[in-house]
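So the structure is just underneath, and the comments pick up after that.
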Amino acid sequence: MALSDQQLDEIRSARANGTATLRPCAPALEEILFEPIPVLDHGFLRVIDYMGDDAAVVQAARVSYGRGTRKVTEDRGLIMYLMRHWHTTPFEMAEIKFHVKLPIFVARQWIRHRTASINEYSARYSILDKEFYIPDEAHLAAQSTVNRQGRGEILTGDEAARVLDILRGDAEKAYADYNWMLNENPDSTVADPSRSGLARELARMNLTLNTYTQWYWKTNLHNLMHFLRLRADSHAQYEIRIYAEKMLDVLRRWTPLTYEAFLEYRHGAVNLSRTALAVVKKLIAGEQVSAETSGLSQREWRELMDVLGRAQDGEGRRE
Amino acid sequence: MALSDQQLDEIRSARANGTATLRPCAPALEEILFEPIPVLDHGFLRVIDYMGDDAAVVQAARVSYGRGTRKVTEDRGLIMYLMRHWHTTPFEMAEIKFHVKLPIFVARQWIRHRTASINEYSARYSILDKEFYIPDEAHLAAQSTVNRQGRGEILTGDEAARVLDILRGDAEKAYADYNWMLNENPDSTVADPSRSGLARELARMNLTLNTYTQWYWKTNLHNLMHFLRLRADSHAQYEIRIYAEKMLDVLRRWTPLTYEAFLEYRHGAVNLSRTALAVVKKLIAGEQVSAETSGLSQREWRELMDVLGRAQDGEGRRE
Amino acid sequence: MALSDQQLDEIRSARANGTATLRPCAPALEEILFEPIPVLDHGFLRVIDYMGDDAAVVQAARVSYGRGTRKVTEDRGLIMYLMRHWHTTPFEMAEIKFHVKLPIFVARQWIRHRTASINEYSARYSILDKEFYIPDEAHLAAQSTVNRQGRGEILTGDEAARVLDILRGDAEKAYADYNWMLNENPDSTVADPSRSGLARELARMNLTLNTYTQWYWKTNLHNLMHFLRLRADSHAQYEIRIYAEKMLDVLRRWTPLTYEAFLEYRHGAVNLSRTALAVVKKLIAGEQVSAETSGLSQREWRELMDVLGRAQDGEGRRE
Amino acid sequence: MALSDQQLDEIRSARANGTATLRPCAPALEEILFEPIPVLDHGFLRVIDYMGDDAAVVQAARVSYGRGTRKVTEDRGLIMYLMRHWHTTPFEMAEIKFHVKLPIFVARQWIRHRTASINEYSARYSILDKEFYIPDEAHLAAQSTVNRQGRGEILTGDEAARVLDILRGDAEKAYADYNWMLNENPDSTVADPSRSGLARELARMNLTLNTYTQWYWKTNLHNLMHFLRLRADSHAQYEIRIYAEKMLDVLRRWTPLTYEAFLEYRHGAVNLSRTALAVVKKLIAGEQVSAETSGLSQREWRELMDVLGRAQDGEGRRE
């Protein structure tokens, strides 16, 4: 993880300077404010700023749904109620801003969530650092044989070694050539006066997709949870999921009641289709139901059996 | 303006309780945090929370466009540059939340700005207070004779008096009947046990559009300025413009550099069409240009002459 | 329902003039294009235009997830898969535009869905027609005694009659006074030359919230289904739900496969919380679970028993 | 430009099959529907579908602002009026969908416009083709010496040749290694049975940013013009501007009146700041104004002189 010395100085001085505010505070989040949380080999996540907390959600809900007493148990109940019934606007009333360093191919997945504000480091204006994501061997997986978008077994031996060599070698070669084409020294002076150097906005096209970029990413609590529901999920690609998992910790510090409701009604919840619900009713009534009589596809049947924690039939579990 | 005693207590206690935070603060905004700013006869505007300040804009821009020194003069120059060149994302990095009390017909204009989060007092769940907007006589205007959406001269004498009587009388009658249909006492007990009372979600349809509602309205600095550009404009209806004008003061306290840039490049700026630009070039070159030779419509010609502060021809200014 | 003669002429002529297009068509939707579908006493819903159909969803998904064969059975399977796994972007690739006439208090609920484009009839520029929503007696309900936002029993006898009289009387009085204040004849000439007339943007504030307005409402297939999930739900207020139910018919005509998937995975599906899932597993295993041992609140327990269609305990069903 | 034979077949058959529709059509756009418009060395742009035309804008505006006659001259005047006064919602009533093939680094700029629906070819599911953008020599520019984000002079001779060799060589090497790591034949069979092959979602990180991707991109007329205002501008990077310029042609075919208004009030218009407006007034009045007395920064002064087409002082025009 590479924060520059200047950035580290800024973090130290920002953390040294408390100010008085009349705004609501989230003490457990203040504890880690500005501090980089390492992710992957060179990436990180930092909370830069925030607005509101669980009380902001409750306050907004009470504007809409009327007033009441303010005990913590009631706040908790109200937040559980809002989450259960998909009342989303009160969760839009709190906001958070992250500074994230991440590989470009992860950034391309991430940015598909359009309901956030983003300022990304621009390689049109500035020069990217020489930092690439090289997976840990434990995450160097083969293509899944049963799922078009998943990973299968971990590569081993010569193939693993060769893959790591390729990833490292190609990224370094591409970066060295990027650097040569730019023709700039680290202090922005010209490296070789006999050459003009290629414009930054062009030279960047030579970089590989595992090069690290960074951005400020600001979103509200509702949209953060939407992001986490999709990206802290086991179907998400490991390289983005690991960021989402760190953000779950941030959510717990920031809005502990909302975090609890999120685990109960989103992250740990399941959606049963109309047909799956009918199957569940029959199972509870003690009726026999098989994949064939269920009305579900083979795949949905297996998914439902998984969700219900039931032993699979002879074919075993393939997916 | 009617804040309940409970709300006033809350404001007093919120303003009494400073906490330490590591987050950036806007001191001039903290001075008025939570305090109601009166608008119209019963409305108000309060800043409830905020995130970031001018420095947040600068910081985000520097992530995108590279680093530099941090003197105030440079921050000012950067903010002016960003505003001039329509770089919008850095201005999305600061956020503000208002509590607004406003007449329903104003709320219906306001909500057309979709890029905000809103929690409105719900008349499905709760009972609206007996408060209506009755215009001050100075704002009781006739329809414009030259503009389909504007106001003309101020009503006077009997007609003005009659209009005010109607507005007050119809609103009071409608509210009294709303109240009767609800069949609830102020303490939520049943008023007349011989009647069932009409559901709140139905009874509310009897209210007039000048009844006051209230909401939390949260948006970012960029979208706030977009709102202000349209609603603090002389073409906006007075009843929403007066809210926008109070928000301009808030903007000045919150982000003074951005405020200055907003006045320079948005609020006080003009957009010259391709044809109007050609006219301006000719005028600078000392050529004669008339409405007929300008290539502009009569209306655009008058608007351009207005913008340039030039005397009108014999017909005078009609709009 | 009041379309003007001019509007009816336009519908007739629009329906008479087919043109050839290379774009995908939805034949069952073309059958009802432009035709008003009556809703409530004076409202309607018309499909004005659309873009794409089920094939547009499939085509977009295949850009993302790769190519394959094109049989209908496979299209159906792909759409079911996309819906089940919350792949939303392919459903954004089809678009629809409605013309809706609706009471203002319904419009205020509706507009909270921000992901649509809206052009509403403006009472700043034009004069609203004399049309109000007066509920049918069968929908004149009391406030629910168990639910703060619901309806209870139907009003009867004198109270019902009196409520209808009030709603009709207050709306008519408010409209007549609106009309008097405007001081305009139907042909836009001045009614009483001795008076100036009040500006339209002011006079409108005297109208009651059951006055009808109209708008064009354009959204994509994904956002339409989000709207329908919330508004075609039994918890939605009747006066908006009835619009949503008519739109379900439109959805069936427009994108029959998506409609089928929507019923299966959204409209007829249930979300089980982490704790509710644990209860379901125990019930399937034949274990005894009661409200007390379930870990659920009383309210959630009742909701779960409802969903599972199980008989309630002695207290009966209260909500 | 590489459309597969299958895609070309599909285009031919789609263009052969007209259907009757009652919807409004844009004949000049139908002429090029589905046809690829070449952009850069391997990219293209195709209109896949659309909804509405100039009449849709007019129709929506008339819902809002009242009825009138329907002559073409009046439609033109209304569209000019809407554009001049920033009435945006009527332009949201028409929609268009493109299929675009573009280099990844261009896609990363493009996607920052969040108000569109996108389905991108997924390299998690599928294998990217071996196609990279290699700039034409005429566009191989040095970094600007006066502008941190612009281009300067064109590279020549050995340096140009070497840069092209690098771009081509690194992209080919990275792609060959991507291919080796995947260990798949073109028909999806395993290439070397002794190896597992790396998961697609990982292998893609080895590709360079000039690799081509493709997506469906759907937006409304208003947001399309916002995109074009920024990206068909001389400050935009050539590689995205060339796409925007082709889209301007599409706009002209689709909505000719809106296109005309766009050129007049956006593309060919200028924004004068408050201070610049004061300068213009003085110049028209025949007063002497210099950079020093103008109140403008040196840079803004030069920009204003450029806009007004006035000769620069001795230093010449540097930017």
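Each chain gets a letter, A, B, C and D, in the order it is written, and its residues are counted from 1.
Here is the rule we go by: a contact is a pair of C-beta atoms (placed from the backbone, for glycine too) under 8 Å apart; a residue touches a chain by one contact, two chains touch by 3 or more.
Bear in mind that the values here come from a model prediction, so they are computed numbers and not experimental data.
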{"item": "Partner chains that chain C and chain D have in common", "value": "A, B"}
{"item": "Any chain in contact with chain A as well as chain C", "value": "B, D"}
{"item": "Length of the line joining the C-alpha centres of chain A and chain D, rounded to whole Å", "value": "29"}
{"item": "Centre distance in Å when chain A and chain B are each reduced to the mean of their C-alpha atoms", "value": "36"}
{"item": "Interchain centroid distance [CA atoms averaged], chain B/chain D, Å", "value": "34"}
{"item": "In chain D, residues with contacts to at least two other chains", "value": "65-66, 89, 112, 118, 122, 125, 148-149"}
{"item": "Residue numbers on chain C that touch chain B, as the complex places them", "value": "103-105, 107-108, 111-112, 114-115, 118, 122, 124-125, 133, 135, 139-144, 148-153, 155, 159, 163, 166-167, 170-171, 173-174, 177, 180-182, 195-202, 204-210, 237"}
{"item": "Chain D-touching residues of chain C, taken from the complex the two chains share", "value": "6, 14-15, 17-25, 30, 33-34, 49-52, 56, 59-61, 63-67, 89-90, 92-93, 95, 97, 99, 117-122, 125-126, 214-216, 218, 220"}
{"item": "Touching residues on chain D, where the partner in the complex is chain B", "value": "65-66, 77, 80, 84-86, 89, 112, 148-149, 230, 235, 263-265, 267-277, 280-281, 283-284, 286, 297, 300, 307-310"}
